[in-house]
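Below you'll find a set of structures to go through.
Same chain, two partners: chain A is paired with chain B first, then with chain C.
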Partner chain A sequence: MKRSITLVSRFVLYLILIAPLLLFVAYTFSTRWFFPQPFPTEWTTIAFQRAVNDSRTFSGIAQGLSIAVLVSGFSLLLGFPAARVLGLRKFRGRKLVWLFFFVPTVIPPLAFGMGLNILFLRIGLAGTIAGVVLAHIVPALPYTIFTLSSAFARFDENYEFQALALGASPWQVFRKVTLRMMAPSLVVAALFAFLISWSQYLLTLLIGGGRVITLPVLLFSAASGGNPSTIAALSLLFIAPPVLVIALTARQLNEHGNEIREQY
Partner chain B sequence: MTTVTITSLTKTYPNQPAPVLKDFSLSVNDGEMVALLGPSGSGKSTLLKLITGIERPDSGDIQFDGASILKVAPNQRGAVLMFQKSYLFPFLTVEDNIGFGLKVQGASSQTIRAEVKRMLDLIGLPGIERRRPGQLSGGEGQRVALARALVTNPKLLLLDEPLSSLDTEVRLNLQEAIRNIQRELGVTTIFVTHDLGEAMAMSDRMALLLNGEIVAVDKPEALYHRPRSVAAARFMGVSTFLSGDPLHVQNEACTSSQKVFAIRPEHIRVQSEGCAESLPGVVSDCVFRGEYIEYQVAVNGASVRARMSMPAPTFPHGAQVFVKFPREKLFEVAS
Partner chain C sequence: MKRIVFLFVALTMLLAACSSPTGGAPASPLPSGEGQGEGNPPVATDAPNAAGEFDLNNWDSVLAAAKGQTVNWYIWGGSDSINAFVDNFYGKALKERYGITLNRVPIAQTSDAVNQVLSEKQAGVDPGAVDLIWINGENFFTLKQADMLYKDWAQKIPNAALVNWDNPAINLDFGHPVDNQESPWSSAQFQFIYDSARMSADELPRSYTALKEWACAHPGRLTYIDPSGSGGFLGKRFLKGALYELSGGAQQWLTFDQALWDQHSPALWTYLNDLKPCLWRNGETYPQDESELVNLFANNEVDFSMTNDIAGAGRWIADGRMPETARAFVFDNYMIGDFNYVAIPLNAPHKAAALVLANLLLEPEFQAAQILPENGFGLGYAIDVTRVTDPASLSDLETAAAKLGDAATPAADLAKSLASDSAAEYQNLIEQDWLKFVLQK
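Now for the complex of A and B:
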């Protein structure tokens, strides 16, 4: 009985997750699909090919990917030391620092985006990839810091002391012990930052000022254009990298989950 | 190998009023195993941290073979640590764990393999190279941790309660193993514990540590039979002190200039008839421990603990008895 309930709920969950995707697939590879017909009647790849072959799509993907990779790299670089201190040390004002890092997740991007835009216009970063990367780091950083600091809270520094006492240099300790022990959480943190950057529309548009065009920007303009096949095709392309990344890192995600489960 | 000299070491942690270590001096001879015995918070672990360089002392000096190591980086000191937990790197096999120290010091892979094999034979676990730390039992993990520490041929081995998380049987086995390996390799060792039996069984000399200060340092037998002060005697399981007139019992150390005598619990006799060296009392507790019976007897308002080895007379709770303090077993202690 309990088993069948699990099965049914699992099925419903998958359906909710996958149904919109199936709809995208149906829209992408069909044409002239109108109301009373329950299923598309004509299947074609023309719309998909048109979307893929469009040079703007290609550059959108390329720019979006490179921005997302840079954002996740910089978020890790910036977040790692902060997370280490927050996770391992007790100090006065720790809660305040915590709150400070948490702020970007509650302040609407439009609010700080406007301010950033004015600043970036002055210093010449507006409309550049560097500017967009910097702007994306703002909402991405809290997630990397929180993921990594909860991992550091479970981390035992005695592993590092052991390595140090055995003759490893501080750099060797960092590379061979700290990074290795943190690897699953680093993957998860990088993934968070990547996904936040990849799906960022508003900040890209604000700071990019129409000169940095990523896939979400294209998608929004296509959505206002109203061709369902183009929208669906772009949406599929938009979903692809995150799905791929998650599929490739499923093992690390699982390890991260196990690590957290072990505590309880 | 190495002589360790610690002089006037003092360490205070920030936000703590009292120093964890006060003017601490100790010397450990080449190849000697010294046990540091003390309750938690007595500064034992802090001392090990200062020796490895994880923490810095406020003042004082630590020397290996006469040369100060305070300015030497932690990874160049050659002092290895073994904790209560094995801290084997979970992502490495047993072989790579043991070989870690040699690898980071740039040894060739053939040397590492040969050394790992030698160490595995030494700790009595040959053939487990490919296993993961997660597949080892607690005792095996500690043996591997010992091998990992010793493979680098360290100047000093520091053991921080390495056995306290193990079952009794495993612990006794490992006590013997550590002692034998330490003797065989002749590595100078400092061993921190709060277990008197373990300290006595394993060490050449024992240092008794209380509130960051050394109370006494001597061979286990000497400390056991003739501790020189009340504090040292308490460490060694003595709880009965007689002040002035040897047959005037009291539990607390007296503050006057009277002489204080102590007696080990196993030398105190509990009997039904009074005699010259006895005092009357009432049995307040009686615990059967197999090899001996432990009595708590109320004498002159103080509680006297006596251990009578079997076969021993049994007295029920509340029985009127006489407690005999054989004069030849009394020894004077500084109060």
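Now for the complex of A and C:
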């Protein structure tokens, strides 16, 4: 009995997760699907083909992916030391530092985006990939820092001391002890930064000034036109990379979960 | 500690509050002189770019300078069919005939491009990013006021000879003088759309009075576009048509007169408030733009849509957004029509290529192509057909007009009901007062 209830609730849960995706697929491959028809009557691949054959779609995906990967890398580089100190040390003004890192998540992107845009125009970063990457780091960094610092809060420095005592060089300690132990959290933090950058519309548009065109920029432009087939086709392409990345890292995340369970 | 934290939060909120208006109000004039740089000599904005010097009075020098350039055209990207039309027709021709690459930059709204140019002005960036903008009305006026438009060119391009520049509908853009700072691309006229599978042509209302009767006989089957919404342009057009009918004429609204407005506007609000209980969702909410109204219409929630396309429902049918039985129609009177334009920012990096493109838009073969719904654009001519002398081009234009098909309103009906848009000052009045007297009532 209990088993069948679990099965049914599992099925319902999966359905809830998958239903919006199915709707996207149905809209992508149909046209003139109007109320009160319960199912599409005219099937076509025109919208999907148009989206795939448009060279902008491809360059949008390529630019968006490279920006997201760079943002994710830089956020880790910047966030790792900050998170270590915040997670492991107690010092005067620690809460203030926390708040400082928290600020980008509460200030609307438009507020700092406009200011950044004018600054970047002056120093020649506006309309460049480098400028967009820098702008994306602002909202991405807090999430990397939070994820990593909570992992560091559970981190036992004695492992590092032990390795040092056994004669490992600081670089070896970092590589073989710290990085190994932090690996699952690093993956999660990188994923956060990747997702935030990948789905960024406003900052890309402001700083990119129409010259850096990522998939969300194309998607918003299509959404303003309201053609459900085009929007759905671009949406399918938009959710593909995050879904793939999560699927590939699911193992890591899962192991991470087990580890936490083992710890307590 | 707590106090420090509180102070910090307050400070950041203050900072956020200070910087946000920059984004929200594109229309506010920027401080003049800003962006010239402190102590720097002012940039000689009239000097042509070193890369491509040209003389506007010598078209060959423009063509020579434009060759090999990439023109960045900032254009609303919300319609696939318009995007495809721009790439397939102008993109190809620019490349093949003039060696120019077209970079179509899709934007969600024209004010995005305006903000880009204004930011560049503030930062003193020259050359900037934008070469050409599809523009009219308020956005044009904003850039013109900011002194950020390339001047005195629109009548110097060769095909300007085909445009009737004496027509006030062309040389005034919402009542603001165009002053040769923008060149027309196409024309539009307000029309309604119905589904011939749902109702027959003789049931259609042909005036605002008849529309009210129809709506109250069919409660919930009519709505109009929110005049204050993102696509409020068409909504305002619908209201202005009603104002014309209720005040008994269009001509008097061409110049701004507060007394005239005070005299006739109450009748408009009475009309709309009487209409309100008969509207979709009792007039408590309205579609924000044409696209939302099209969705309501196509999904059988309301019976009429609105459009500005000369091709009527043609582009929507080609786009798969409306049933193939959709048809356009007009009232007997007061269907407002106007022109839309392209403008070149003062700091455009490739002015020569932008000029060639603006000229190409007026080429008779492309004017003929743009009105046909199967090509995806569906707006009307900017040129005056009677000025075209080449017999082949003339026959192209006439054939195209004849081919518009069932989804469009017959040209004679359009011409008969055509009215000019009112002075620009009424735009805001209509929007503000509609919010006050209709929506919030």
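In this section, the second predicted complex is superposed on the first by the 239 of 264 C-alpha atoms of A that agree within 3 Å, B and C clash if a C-alpha of one lies under 4 Å from a C-alpha of the other, contacts with A are read in each partner's own complex, and residues count from 1 in each chain.
Rule of thumb we're sticking to: a contact is a pair of C-beta atoms (placed from the backbone, for glycine too) under 8 Å apart; a residue touches a chain by one contact, two chains touch by 3 or more.
For clarity, every value in this text was computed on a predicted model and none was experimentally measured.
Ranking chain B and chain C by residues of chain A touched puts C first. Of the two partner chains, chain B is the only one that A:176 touches; chain C does not reach it. In the superposition on chain A, A:139 contacts neither chain B nor chain C. Of the two partner chains, chain B is the only one that A:156 touches; chain C does not reach it. Applying the stated contact rule after C-alpha superposition, one finds that A:165 touches chain B and leaves chain C untouched. Residues of chain A that touch chain B in their complex: 156, 158-159, 161-170, 172-173, 176-177, 180-181. Touching chain C in their complex are the following residues of chain A: 31-32, 34-36, 42, 44, 46-47, 50, 56, 95-96, 99-100, 103, 106-108, 110-115, 117-118, 121-122, 126-127, 205, 209-211, 213, 217-218, 220-227, 229-230. Within the complex formed with chain A, the residues of chain C that make contact are 1, 4-5, 8-9, 12, 15-16, 19-20, 22-23, 72, 74, 76-80, 84, 105-109, 112-113, 116, 119-120, 122-125, 129-130, 289, 291-292, 294-295, 298-301, 319-321, 323. The touching residues of chain B, counted against chain A in their complex, run 52-54, 74-81, 83, 85, 87, 89-91, 100-101, 104-105, 148-149, 152.
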